[in-house]
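In the two complexes that follow, subunit A is the common piece, with subunit B as its partner first and subunit C second.
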Partner chain A sequence: MLLLTCPVCTISADEHAFTCGGDAHVTRPQSLDPSYVSPERLGEYLNLVPSARGWCREQWLCHGCNSWFVLLRHSETNEIASAYRIGDAPPALPEGAA
Partner chain B sequence: MTRRYSFLSIMREALRNHRGWKPAWRKADLRDRYDVVVIGGGGHGLATAYYLAAEFGITNVCVIEKDWIGGGNTGRNTTIIRSNYLQPESMALYGLAHKLYENLTQELGFNVLFSGRGLVSLAQTRHELDQLTRIADANRHFGIDSWLIPPQEIRKHVPMLAEDSRSRYPILGALYQPRGGTARHDAVAWGYARGASQLGVDIVENCAVTHLVSEGDKVVGVATTKGTVLAGTVAVTAASASAEITASAGVRLPLRAQTLQALVSEPIKPVLDVVVMAGAVHGYVSQSDKGELVIGGGTDSQIDHSRRGAPPRIEESAAAMVELFPSFARLKMMRQWAGTVDMTSDRSPIIGPAGPANLWLNCGWGTGGFKAIPGSGYVFAASLANGRPHPIAAPFGIDRFQDGRVIDEDAAAAVAH
Partner chain C sequence: MKAPPHRIKDQPGTRFGRLIDRSQPLDFRFDGRRLTGVAGDTVASALLANGLKIAGRSFKLHRPRGTLGIGAEEPNALVTVEEAGHRTPNLRATMVSVTPGMVVESQNRWPSLRRDIAGFTNLMKPLLPPGFYYKTFKWPAKLWPFYERLIRKAGGLGRAPATAPDDRYEHVHLHVDVLVAGGGLAGICAAEAAAAEGLTVLLAEETSRLGGIADGYDGSIDGLFLLDWIRARVAALAALPNVHILTQAPVVALHEHGYSWLVEKLSGPSGPDVPRERLWKVRARETVVATGAHEKPLVFPDNDRPGIMLATAARLNLRRYAVAPGQHAVVVTSGDEGYRTALDLNAAGVDVELVVDLRLRPDSPMVDIGKAMGLRVSHGSAPVAVGSIWGGASIDSVTVANRLVIEGPALKREIFCDTVLMSGGWSPAAQLIGNLGTRLPFDAALGAYRPGDLPAGVHVVGAANGAFNAADVAAQGWQAGEAAALRLKAGKKSPLNRIAADIDVTRDDPAEPVGMLPDTARRSEEARAFVDFHNDVTVGDLRIAVREGYRDAEHVKRYTALGLGPDQGKTTHANAAVVLAKLTGIDIERQPHVTFRPPWTPISFGVIAGPRQGRGFRPIRRSPIETLIAGETSLRDSSELWQRPSCYPQVGEGEEEAVRREARMVRSNVGVMDVSTLGKFLMAGSDAARFLDLILSTDVGDMLPGAARYALLLDDGGFVIDDGVVACLAPNRYLLTTTTARAEKTRAHLERWRQTEWPGLDVHVIDETERWGQFLLSGPQAREVLETIEGGAELLAGRSVAEGLLANSPARVLRTRYTGERSFEIAVPTGRTPALWSLLREKGATPFGLQTLERLRLEAGHIAIGHETDGTVTPFDLGLGHLVSAQKADFIGKHGLMRADLTRAKRKQLVGLIPEDATVVPAPGTQIVETPAASPPRRTSGHITSSGFSPAAGRAVALALIANGRSRIGKTVTFFHAGEARQAQVTEPGFLKARP
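Up next is the complex of A and B:
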């Protein structure tokens, strides 16, 4: 079971108190001119999500303070490296990570 | 040497102290080259190899499996078989699989314990009733034998259901498929492995693929922990491991790897002789021949390859069971396990060419692959043998995501099963 600490309100709780909201740091292709964003690029944005074994940066919702934050977690060992606020510079991967 | 299972062979072997039985499949050594290399020795890969040999005469085939065959999702599912999906493309594919399952024991000469005991998918909200009504109409239109039944008929099939007066979610109706049911999941893998092996297919276990070998934009072989093998065609049936394999040929797959858990209760006397699915409370259950209740629920939402799972989803599944069957609250749960499901955005599989020449995909079955194994194996083998997608497989190509031609089965796959 994941034990998370919210970086916004600092409560520590198990995953019952949080909800996973998908991948962090994903930028939707933006343009005022729809012909500028190719179907391939839009298709990639919609369908190709990071899903590999290894370190994942995900958005999680804290039920305590209702804020979203980013979790850096390993998808195979479920080790948690850090949790940081959205908008903060993403911390580096742990030492020795691929 | 005894290969066939029959009354006579059992009698003969009994007289010889059962010393003549051969292993059900050969543990082959990896050769240098095959016409077809199938990566992933689960139900889909083994069924593909079997039909390549049995239906299309292609026997120079190898199935490469990184652990033991059927040890992935084929050995971890809750064994539900049904074909009452929403979209016609799905009904064609799962309908074929369902028909093949009904005769699979005879086809393979290996008892897969198929039990078409009936499947009841409950509607416990007005929205769910509308949804199941729509699916029932689609089923009737396409020719899948599945229809809505009212509460009094549901209670004849499932007498242990809670009284409505006690329920937070009363039973409003159900989608009923009388031919739906279960099979022994391991036996499906073993039966296909035995059939394929007897026809000359090599099955190599404990052999992991490290990368695909390409020449230009053609895939020509597979590098493994037991050496490199050349292949005329490479077929990837590796579920959540597919993405890292195809990445080595520059192909990215639209799959999310998530954890799905299941659990079994202590064995009890027969209390449930149909499969029950309940989307609103998010759980599903059947009773095995040993008397255990086999229970499943929803997936975790984060990316996870650990195959471990954690209490939150188990608590949800248990809560669903207690809502439906209050008497089950007193049962002890014996065992819990998890697998990694490869989820697509439309809850439909990916079957077809991958892009580079000679590379084919059959993955993305997510939470619902077991029921499709014979149909998937058959149409995939036909596609590989003929060099073009079988008509039933064709709509499931990977291009559909780019083109927006998704085959949306989120409703019919409502509960992860």
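Up next is the complex of A and C:
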């Protein structure tokens, strides 16, 4: 049961008060011609999830203020390094991280 | 023949029987027999006091078993207890206090503990090796159901109670600075050190008393007897305002971020106001694990016989309950612990025939004390066999031999005894650390797993950390309390209040780790040497597993069931590691333990559910006119958390009749349905149309104010996830309605795309779902009804959506056609809904419910999300290709739809079905079968998605998704209904054109 703090409204609460929305910083594949994306790129986008062992950037929704934010979490130890707003420059990974 | 009673005579001033009150005898029943115990007894001690050495039959082999241990590690004595109307199976007899009138039953035996018919299973042991169900009982295959039934009956633990108890369970949340798990010496020291720094501390102890196993040791601290010193420190702790002490409340799980679960068992009768158990959900900034250690059994042939017990458990039985394990004892020990037990037995009047020390040259204070007190000791010896009588129900001798045989046969000696006390050293009970995903390394000197690296904020102290001498235990406890304080007060540099004491308890040498004894055991002996007492796993079973290629602990565990019982292998893991290392030849340090998962001991489902049971299970959401219609109908369907009326049966009408009547009224006259629960989203901003164009498959950008369109929401794969209506209210102001069940998810979907993918767009999404109530007015007379209401005519003037006033209330009217009839969705603020509902009813609209709506839309051939869609269906599959924009450059799902698999020929397509038998309504999910004549498995090509009797068509109709469905229109397909093959004709979806 993670304990998360929303960077937008600053409340700290149990995981229940949030919804996880998968990996952050994933944009829909685009090409020069917006009406076409190669099936390979689309397949990667839809089906291949990084699933890193280590530091992950995940997007979470805060139920309290209805804002999405990004969480930097270590997938093995559940240590939380930081949480930042969408659109903010992502903070650096903690020292010693891969 | 009953053995003589084992309660030691009352000798005032001795250290025996400290917890019992002999002046208060208690009557209880065990397997129908009336027995007497005394106040303070546990079921285990009371049974032993009455000379009953057999407490149960083992799980697989039905071997008679007695109590092995003293607490939660007990693998044998599982009983069913009935008291005050509660019946609970699978309780450890060592953890249950006897109360007057308690009814206790042993388990896993029939007809009785003494004469268990399934005892013959022990003789069948060769037929029951690990994984036997892959090897035996296989032929003939058709007899397997018979074997399975037998095997299921033979196994199992206890019987579940027949009625659900009427108990309350509570959940409580708590935030503390420091959680100390375990109230023994280490835990008490850690708690007082942390509390002295002003931190808030929760000290949680599994049993009903603090002090752990300190009462099994002699010595002094600061000049006071151990127990007196502990009592005084606990009293001081309890008096502090920043310390909370819980007993009968083990920490059952440790999770990340300092989150843990404690299950507190409340003593005393439970009732409507008093919960039976309480689940504490604790957030601690620092956690100290002080959960002690479990004594290791020794592994030798027939080491599971009744009368063979752990040495410290036997000693604690004497000191706590004045119960002796027998009259003639042999103590077998690989460390100093056995000597303490031998001395106590001596003092209690039990003949200690011999102390068998496995060590070749033991040299420690305890050994010297033992010899000085006259104990007969043999070094470098090991037990090699146990003699038993009455089919293994009791032992009468143990054979001991030299461990090291230089030359010639081992010198063997058979010693007559009725109890063997064994001590293989200690195994830290640090499984809670394993909950956090940390692996505990194997400590070869200790012969057990011991915590290594720990995550920040977690400390392990005392026996749980491999420290067994009182001075070390206390020191570690204090240090952990101080360390926790330092971490929490980082920055506040105040000197710590150091706590210390003068501790004088005999120091033990560590026990020598041993595996299977004797070192030269034969295979037949290995087959009777138990490593896991609860699941009946022997050294022989482990050898078979290794021979069959299972070497990793996780594989061996699953193949042999090692450590999988309710005791979770507490007395098993350490011995198993040593035995497996020898069998596999793999270095013991490279033998990882299995994953230690919560809960620490079995907990009840009731306490996990807490208040969330029955009516408290889920919140219930109701429409704003619920009170108005509650008297008219009690039938409700659920859509997520919403409870919606199914239909409004009149007096004497059944549900199906009501649905048909309401449907007919809608088609011939006018009906009204409460659709307040639909999702309603307002989209405003200069990029509102652009945003909707990206979200929906339909074209939105070309809509003028007043226009409304049916729209589909797709996911990035091109699959339909929701449907609704998009309406243009004004330039830069749009309304999107969605289904009830998906309203929350669609809201999250809209926000997610808006905030994470296109944050630069100027658009706001306002959830108006609960702000507006909404009614669906449907039927040929609907327009007329609306026109007779003040403001209605203006709202209907030539547009698909209009906002204005209706009967003096703000309102919005949307034209739709979901039912197949001309319909109007009328939205008014929630507070105005009762008035409008009553008005519409007065105007003659027939109320209809969700079931009727389903029937109407089925007749019209319209899809319902979740019925015709399941996450794998595209708009083209549904025949709704016209709702997919051909001109938009991009929208969610556009690229997905272009994938080869979604455009191939044989996809399932939506069609209508008319069964040949007009009364047969096949259930949704019924498969369309291509080869009905073949024997199963038959080839299928699709399934029925919705079905019902159509009043309009006068017969049963259905919608189905069938491979190549559209090219089969006009042809016949087959499905099975009530076991018989039936035909249906494939048609276009929609059955209104065929109206008679």
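Quick note on the criterion: the second predicted complex is superposed on the first by the 93 of 98 C-alpha atoms of A that agree within 3 Å, B and C clash if a C-alpha of one lies under 4 Å from a C-alpha of the other, contacts with A are read in each partner's own complex, and residues count from 1 in each chain.
Note that contacts are C-beta pairs under 8 Å (C-beta built on N, C-alpha and C of every residue); 3 or more make two chains touch, one makes a residue touch a chain.
Because the structure is a prediction, the values reported are computed rather than measured.
**Student:** For A:Gln59, select first, second, both or neither according to whether it touches subunit B, subunit C, the two together, or no partner.
**Tutor:** In the superposition, A:Gln59 touches subunit C alone.
**Student:** Could you say whether A:Glu76 touches subunit B, subunit C, both of them, or neither, answering first, second, both or neither?
**Tutor:** both
**Student:** Quick check on the superposed pair: does A:Thr5 touch subunit B, subunit C, both, or neither? Answer first, second, both or neither.
**Tutor:** neither
**Student:** Just checking: does A:Pro39 make contact with subunit B only, subunit C only, both, or neither of them? Give me first, second, both or neither.
**Tutor:** In the superposition, A:Pro39 touches subunit B and subunit C alike.
**Student:** Quick one: is A:Leu48 in contact with subunit B, with subunit C, with both, or with neither? Answer first, second, both or neither.
**Tutor:** First partner only, subunit B.
**Student:** Is A:Gly87 in contact with subunit B, with subunit C, with both, or with neither (first, second, both, neither)?
**Tutor:** Second partner only, subunit C.
**Student:** Both subunit B and subunit C contact which residues of subunit A?
**Tutor:** Subunit A residues touching both partners: 1-2, 19, 21, 39, 43, 46, 76-78.
**Student:** Subunit A touches which residues of subunit B in the complex?
**Tutor:** Answer in residue numbers: 240, 243-244, 252-257, 300-306, 308, 310-312, 345, 401-402.
**Student:** Enumerate the contact residues on subunit C facing subunit A in the complex.
**Tutor:** 255-259, 281, 283, 437, 455, 716-717, 748, 751-752, 755-757, 759, 889-890, 892, 894-896, 898-900
**Student:** Going by the contact rule set out above, which residues of subunit A touch subunit B in the complex?
**Tutor:** 1-2, 15-16, 19-22, 39-40, 43, 46-53, 56, 58, 73, 75-78
**Student:** Residue numbers of subunit A touching subunit C in their complex, please.
**Tutor:** Going through subunit A, the ones touching subunit C are 1-3, 14, 19, 21, 24, 27-30, 34-37, 39, 42-43, 45-46, 59, 61, 66-68, 76-78, 80, 86-87.
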